[in-house]
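Some structures are shown below for you to check.
Below are two complexes that have chain A in common, paired first with chain B and then with chain C.
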Partner chain A sequence: MSKKAKSATKTETIDGLKTAAEGAQLPSVSRIEEHSLLPLTPDANKQTPAVGQRTTRYDARPHLTGQTMYIDDMTFPNMLHMKILRSQHAHAKILSIDVSEAEKMPGVVATLTGREIPVNSYGPSYQDQPVIADDRVRHHGDPVAAVAAETEQLAKDALEKIKVEYEPIPAVFDPLEAMEEGSPKLHGETNVYASKVIKKGDAEQAFKDADLVLEKRFSTQMVEHVPMEPHASIAMWEADGNLKVYSSLGRITLGRADMARTLNMPMSRIRIIATIVGGNFGGKNEITSEPILALLSRKAGRPVKGVYTREDEFMSSTTRHPFIMDYKTGVTKDGRILGRTVRIVCDGGAYCSWSETTLGKGAILSVGPYNIDNIHVEAHAVYTNKTMTGAMRGFGAPQVCFAYESHMDDIAHELGLDPLEFRMMNAFGEESPSPTGQVLESVVVRESLETASERFGWKEWQK
Partner chain B sequence: MMIDVKMTVNGQERTASVAPETTLLTFLRDSLVLTGSKLGCDVGDCGACTVIVNGNAVNSCLMLAVQADGKDITTIEGLSDFEHLHPLQAVFEQMSSFQCGFCAPGMIISAKHLLDKNPHPSKGEVQEALSGNLCRCTGYTKIVDAILELTSEEASAA
Partner chain C sequence: MKQRGRGIACMWYPIGFTVLANPSAAVVKVNEDGTATVLTGTVETGQGSLTVLGQIAAQELGIATDDIKMVSADTDTTPMDTGAIASRTTYVTGNAILLAATNAKEILFEVAAPLLGVRPDQLEAMDRKIQVKGFPQKYLPIGEVAHQAQFVKGRPALGSASYNPPTVAMDPETGQGKPFSTYVYATQVAEVEVDDETGEVEVLRIVAAHDCGTPINPTLVEGQVEGGISMGVGLALQEEILFDDDGKQINPNLTNYIMPTSLDMPDVEVEIVKNFDPTGPFGAKGVGEPTSVPTAACIMNAIYDAVGVRVTDLPATAEKVLKLIKEKKAAEQKQISA
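Entry: the complex of A and B
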């Protein structure tokens, strides 16, 4: 294009588009229709009467009449059923897997082992988890092979015919032991796979200035989500070569990305249909057996359904992280908190899953909703030979809340202060900075505490 | 080996030929395609599969289809149709007692069984009757409240 033509176009361009159109080959726009920007919801910025009103849930009637279709209620012509063989060892090398006897059984249509998976690793933060373990199992319950058969019972029976030779290796179950140099390692050189540090002011100096310094260790346990509906999916290949998956998965876009990676195919050719979910609570936030179903379905040329048994659910779905938390807090005699240090060790189990995210949120919230100028938080996620821990309601918040609030009670007791007064004295207010420096707005900690204590008669109870 | 079973399900006589290990739940879900009753644990802990067998609330995952031969079964599908709800379903709908809904069919059957035997239960009796039905979403409060609201309404209407 000649320079002349270009400059001629330029003169017609309206002011706002001048810069963008420079050097562009497309014809420029000389006039733009004015559209007033309507809010997406008509009542935006207006107080609606919805708050405090009772409403009928859209899904109530199908649920209450038993007509809701969860995955296990769906069936497709010619559909097969999948079952997974799981490791009985917490940590072992897999020497060999022999599925030949299982394949000979009548009613068994296809089997799958880890070696057959195009890219045998996945995970929302780090891709450290095999879809099916191929050379090593890292917790009791790691999948080692899968079978698709005409009925669930046949698939279950076929699992008993699969021969797996293991060579057990030392395992580690305690996260503190796992941090030691000589401990058995799960992946690579160290078991510490994520760390977060938050520092503000000088906590050590604050302890020197304090009238009282209190230290205590808190720990929480592993918790399984136990959704009433176990993990369930159905995979099938459509005539155009695209993969279709019905799944109880909560995050379907992430699921498609993980599927594309493990199956080594474009994401655009994978369709995940999210169904009504019978309870998620964070436990259905990443793929589990979906790639297995897809590959078995490709082998068999038939739809394959996989529903976790309750045992599968407990052994091999994610759980809430157990935390070990060391708290140290320095206060003045009259109850002002000068400094706090927190050390967190998060037991991540065998694979990362959402541990990295949980660790970050847990670390940020670990100081509590209190104005403290001197803070030092150090948090680590550690591999152990246990069921992996992942997302669960609150992402680390409940663990640290239990610790800092128990710690607050202990301090109030030591100082001879009313625990409520002690909290009111130190609680966040409007524009308080969070431990990471975020300026907080709409802060109603004190108001909430006041209302709550009135409602349940805190003062009367104190007498 | 297959065994023929015949039973009355929701007022209709139903027959099927089943493998001996077939549970009543599998018979209902797979042979009769009555998928309202759910499989939650398969060991009789969660109550999602509760149905009424000859007037008793039963975990259908623990009963074989052959054991139910000749018996009278009521499942969630037998309580109502979509347009005309059972009073329990109506009060649960009105009070939004359930969330994910997976436990609802079993919970409703247990509640119906209770009210069939004891039309005016105390709160403790309601809790006792539902103790075999697990729910992970709600914390049970709204479920128990709804049943008590229904029975107190009926009491004041009578």
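Entry: the complex of A and C
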């Protein structure tokens, strides 16, 4: 009984307004009655319930005051700096690499080539990408050698002393040409490395039944994530022989698995610590130079830091896939969509990275959020001798949305329908079947169309 | 002359990986003063995800956002997480943290129940208290219960859990299956001004209505939408990596690769569409990627509305739009003369 009475008194102190003197009291575990919880105030961060509150981010203050530690702000005793030499060709055999002149330069502590990497391949779907190209380069961004030196400038200067002998081989840059039989091949027998099909009903019959059939090709460009913080990591070996890596990676679990694979060592001996990342947008989902830093650090016996230049970021990190998309849609006069076919060719660049998954997501979403009974989607990812494409915010969706929504407007105009009405008429509702046959739940396409158009003033709008 | 136009685009977007397992695990430790520490393997990439995850843990424990300390992204000390990808953090990592917090809370309830003279299932955590459902006058401060749990009962209130979104594999021939647990939906409407003498497009305004299930933190949802739209504007009008005939990039720098700056940004008006997904933490789904999905599409439809030309190849640079306007005029003249 006394216990309960005591706690009731205490809660008043917590919930109610504290005097200045009470507020200044230090928390104490031994005197739990006056523990460290602050009084509930109008500050959203101190309010319950927490969900739905416009709380201030935990990292707002350090961000605003410039105190957030990014990799580039971090330094360790005796730390070296790493720079990467990249390919001079889009497609070539590497005949020889000579690092001896670079190694003789004062301030250069270690160099690394692809042959020194225990398992020189990685990738989330297929392990088709070398950490450092050893026998062949497949695009201009491929690394061919790396240097660790006392300063960034010395490392950069040393790259100029590395001699690489290449034998250029024919390259292919256009994904449609790359699909042809006689085109130069990047890996194996064919450049088509992933295909997806989604089939429902009979699209060809739907076109026969339609009052109007419209066809159009759409295409998109390659873009970069351009995070404010480029890819950056620091690798060091601890006295007990374990590897520690500070990294801007967005996926440390996968990063550690890739490190264990490429370095051929147990996961338990690798520790990856991610910092607050200065922008990811999908571009930091896989390792880049982390194994290089680890091996240079082992050779040098010192921590090694690597921060990509903006040019490294553009040339060698992943980018957004260019898509070529052929749309064909059959509709009735009153605006019901009967059937749609979509053919997607995705320019995958020199390595798979996340193309296989981007292709799958793009294919599923390509029909749009509309009830269409007859669907045929066919999508292919293709190697070209260009910067590799990979995960980027939207994973194929911005490309296909540009196409299906442009196509929807074209159809609405042909039928003399208001684009909003045409969408409302065909949009998914609760329990609509998706193109893959999934029964959709918590669907609010129409609600979002209504909300956006009302706020915009769609009906009243005049040019 | 400058011509105005409006364009609309809607979209759907899934949460989590396509079919493949993409689990998250989490540990929630209630400290003996009633605050809590959350261990998660996900990485804060600038979007505010750790704050949202903290709010989820706080909600379940009945405490406030600032009562949570987030510890993240260390392969030695934090449990595995598939990471900040596929717009999955709020939904998948959020569910893992919610489940872990529930487990920790169960210990608090078991400790508090005899002290309050009720069964554990009669208790709820609210306003930093463990209280009797339907009789909130009867309660104990959460700090006191946590302290009792640790130092009197010897059962520290600690919970761990994992979550993986349920999917069904797709048929390789037809693609039929349930590749994702849930999806979000959105519409964006753009108003543009197109100079029909230069082809230059200015985006004046974008209204964005996004579904994210329950907005755990509306401010951070709005921030994601604004950021996503800036990427969408870049994709629509400006950004493009260009290559020479030898396959070498000719603009790998921010001097020649043109991105939207704050001066290129339209007025953005964000609406959060009311929704609740029972499979998400407190009804939440996600919002990260979808925000940049319909932007280019609605801008292209607005260009069509303004000057009657259909851009089929992104980006819609001034040169490209002007070329289409000229082609359209030439075709119209040909029609008249014929």
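Operating definition for what follows: the second predicted complex is superposed on the first by the 408 of 463 C-alpha atoms of A that agree within 3 Å, B and C clash if a C-alpha of one lies under 4 Å from a C-alpha of the other, contacts with A are read in each partner's own complex, and residues count from 1 in each chain.
The rule is simple: a residue touches a chain if its C-beta (ideal position, glycine included) is under 8 Å from a C-beta of that chain, and two chains touch if they have at least 3 such contacts.
Everything numeric here is computed off the predicted structure, so don't read it as measured data.
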Q: Kindly classify A:Val226 by the partners it touches after superposition: chain B alone (first), chain C alone (second), both, or neither?
A: both
(Q) If we overlay the two complexes on their shared chain A, which of chain B and chain C does A:Gly279 touch? Say first, second, both or neither. (A) both
(Q) In the overlaid three-chain picture, which partner chain does A:Asp73 touch, first (chain B) or second (chain C), both, or neither? (A) first
Q. Who touches more of chain A, chain B or chain C?
A. C
Q. Should A:Leu64 be classified as contacting the first partner (chain B), the second (chain C), both, or neither?
A. first
Q: Report for A:Gly250: first if it touches chain B alone, second if chain C alone, otherwise both or neither.
A: second
**Q.** Contacts of A:Met425 with chain B and chain C, given as first, second, both or neither
**A.** neither
Q.
In the overlaid three-chain picture, which partner chain does A:Thr436 touch, first (chain B) or second (chain C), both, or neither?
A. second
Q: Using the superposition on chain A described above, determine whether A:Gln153 touches chain B (first), chain C (second), both, or neither.
A: first
(Q) After overlaying the two complexes on chain A, where does the chain B footprint on chain A coincide with the chain C footprint? (A) 54-57, 59, 226, 276-281, 310
Q) What does chain B use to touch chain A in their complex? A) 19, 21, 29, 34-43, 46, 48, 75-77, 79-82, 85, 89, 92-96, 98, 100-105, 108, 134-137
Q. Which residues, counting only chain A, touch chain B once they are in their complex?
A. 54-57, 59-70, 72-73, 153, 225-230, 276-281, 307, 309-310
